[in-house]
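Dropping the structures in below, format is structure tokens.
Each of the next two complexes has subunit A plus one other chain: subunit B in the first, subunit C in the second.
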Partner chain A sequence: MTLPREHPVARSFIDTHYRQIRLLIVLWMTAVLLGAFSFGGHWLNIPRISILEHTARNLYFHVPMWFTMMALTVVSAWHSMRCLRSGDAVRDIRARSAAQVAVVFGLLGLLTGSVWAHYTWYEGTSIWWNFDPKQTMATVQVLIYGAYFALRSALDDSAKRARISAVYNVFAFATVPFLLYVLPRQMESLHPGAEGNPAFSEITHPLMRLVFYPAVIGFIGVGWLLYHQRVRARKLEQQLENRQYTPL
Partner chain B sequence: MKHWLRGTWAVLRKDLRLELRSRYVLNALLVFVLSALLVVALAAGADSVDTRIQAGLLWIVILFTASLGLGRAFVVEEECNTALLLRLHTTGSMVYTGKLAYSFLSVLTVNGVLVMAFLVLLSVEVAHAGLLVVTLALGTLGLSGATTLLAAIIARTARSGPLLPMLLFPLLMPLLLAAVEATHLSLTGSVAGAWNAAASALAAMTGFTGVVISASVLLFDHVWHD
Partner chain C sequence: MMLLATALQMALDEVMLSQDKLYVVLAVVLIIWAGLIKYLFALDRKLGRLESAMAESESSASEQPASLAIP
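Take a look at the complex of A and B:
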């Protein structure tokens, strides 16, 4: 039995081709994973650098996590801004969903970075955590979203929650340039591109870029997929809530 | 413009007058600051603390004091049911600027006492007093700039509790790092080169303060009006 549609909504390209897009992302990521873990032979066998050795493959996972988190942060702030302009509830759903997925990628980025650093930078020590500027920046970003969710749970009325939390989200986003550009300049870093360290392009073998760039696109795709699923689920939830009870 | 200035001044004067009548915030904050400082001094064991750690401890106490004292700015209006009157008679930017000025003045007063007590209790020697004063003033302005908008936000929530420190601390990280750096230089740096050495930290603090205050002015109306 199918329920009648009360509000027929315009379906976008993404809505009508969702399954195909999802399949494309899954296949893409499968190819990336195969490339990332191809050992032996000459095919995509990465150059061996002392200390780094095969941990260099973490480049395919750790760095795209950050790109995905930053992309989702921008998406979240953008929708919060639009939510303040229009007061549209869907904008709030989008901002919140993007923030949630951004936190997941932020935590994964911290985890992959922490493990990587332990076995390379801090080889032979017991250090797992160091206040490297990029690490600090990411931690602060995750903390900001933690505060954002806590603020949301302290607001009962849904329209007020959308507006007030959007203000906090935009306000926090205004300080991001300081986290990204000013703060790292004032601290010493072991990350590539920092003072005294070679830039990313100088130390990366062309072979690795063959996997790295597709991995960036793939992880952003996965991030978008998770975000889109959450938005769809929330929209449906809201439609169910708004549907008036009619006896069958 | 003249109208706006008069409105801002009226909000500031109202808050100052209320404060002078009860002296609640000032008394509470001064007692808090002194007891917190005593705890810090006892825990640190005054004789062997590195100047960087001293600077860090000072800013931790400042941060906690501000998050305790400034959180009340808008909650008071809601509790006394005066928020509606304020909304009727003034515009959002007047209220924001007035409250910001009040927060700045009260925290600056408390910080002045705090630093004096800090220098005496931890027997700190200041190499460059001018730099310390500028750092404190800039840091206080950035602190109250960020806190005023957040105080307005938590006044709209049903359960405020420990919300303000949680919202505030991650946002203030850039300011805090620069302020600790500049304070550290003012305690140790040579008298001649201190300004040059602290220039980037001071620039970061100025930029942060500017960004935070402009963003607050733009966003305040969304919080203040229903």
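Take a look at the complex of A and C:
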């Protein structure tokens, strides 16, 4: 297992242009927010559906949480596989950081979904959570990634931890399409695209795509920013650990 | 106690369901905003802590070893 090198000289394009990329993402998200709250005679004003009313706009916020989580799990699994092949400790850091940010987005997706459901599906009741298959599967998914961190913290040897958790992470990723797509669609669910329910493309006004897709890209950008900083922090932490344990 | 919880719930529902449920969208946006900001701040704190530890280890490396320092 090679330890992360201390290389202040060799910096990638992303490292040298981090601030510009961040500014771009912040401006992009500002535009998305403006688009999401267009009213009146504005050209992005979306049609109103009963029960949903204005909450249709949650499509721009709640759904990208899951897209971002999935994007980050792809990144995490990719680096875990590379870690298994090369044994490079930096790959382990990247896999772990991506999984961490993925869990943050997963939790935000669960929370926002619960609030949205309470005022639409469960309007007039005091229900916030009713084990809709997609909710349940998404919770299981977040817990599977939670177990990844439990597994990591149980292993002391860093080389062993990197290898074993990488294997687990690849398996965890393999469950993502099933838990978030396949199973909820097979069961009776209030989510769009489930058995008997029209899918996204059939019920969503074309105008909403103009905000929805940029929102997905923007949130993935925000997820990337957090992931990038997480990796930096972890690398720094390891450099520091190496210094403390090696005589100077 | 139960009455108070019910009253709070009703008051919350009244706000959330007014304006064609627009405040539900606000609540969702605020949850995401709070979550991401909380995560970002935690990360920044961690980076700050690491930076100062790094600076400390650099300065102590140029001085005499800690074991020889007079307490």
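Remarks
Operating definition for what follows: the second predicted complex is superposed on the first by the 220 of 248 C-alpha atoms of A that agree within 3 Å, B and C clash if a C-alpha of one lies under 4 Å from a C-alpha of the other, contacts with A are read in each partner's own complex, and residues count from 1 in each chain.
As a convention for this text, contacts are C-beta pairs under 8 Å (C-beta built on N, C-alpha and C of every residue); 3 or more make two chains touch, one makes a residue touch a chain.
This is a predicted model, so every value here is computed, not measured.
Overlay on subunit A: subunit B and subunit C fit together in the combined arrangement.
Looking at the shared chain after the overlay, A:Ile127 reaches neither subunit B nor subunit C. By the document's definition of touching, of the two partners only subunit C reaches A:Met65; subunit B does not.
In the superposition on chain A, no contact is made by A:Leu27 with either subunit B or subunit C. Residue contacts after overlaying the shared chain place A:Ile144 against subunit B, while subunit C stays out of touching range. The superposition-derived angle at subunit A (between subunit B and subunit C) is 110°, Cα centres, a multiple of 10. In the superposed model, A:Arg163 lies in contact with subunit B only, and not with subunit C. Judged by the touch definition given at the top, the superposed model places A:Leu210 against neither subunit B nor subunit C. Once chain A of one complex is fitted onto chain A of the other, the partner contacts of A:Gln229 are limited to subunit C, with no touch recorded for subunit B.
Superposition on the common chain places the nearest Cα atoms of subunit B and subunit C 24 Å from each other. Listed in rising order, the residues of subunit C touching subunit A in the complex are 9, 13, 16-17, 19-22, 24-25, 27-29, 31-32, 35-36, 39-40, 43, 46-47, 50-51, 53-54, 57, 61. On the subunit A side of its complex with subunit B, the touching residues are 84, 136, 140, 143-144, 146-147, 150-151, 154-156, 160, 163-164, 166-168, 170-172, 174-175, 177-179, 182-183, 185-187. Here subunit A touches subunit C in the complex through residues 33, 36-37, 48, 52-55, 57-58, 61-62, 65, 101, 104, 107-108, 111-112, 115-116, 119-120, 123, 126, 222, 226, 229-230, 232-233, 236-237, 239-240, 243-244, 248, going by the rule given at the top. The touching residues of subunit B, counted against subunit A in their complex, run 149-150, 153-154, 156-161, 163, 166-167, 169-171, 173-174, 177-178, 181, 200-201, 204, 207-208, 211-212, 215-216, 219, 222-223, 226.
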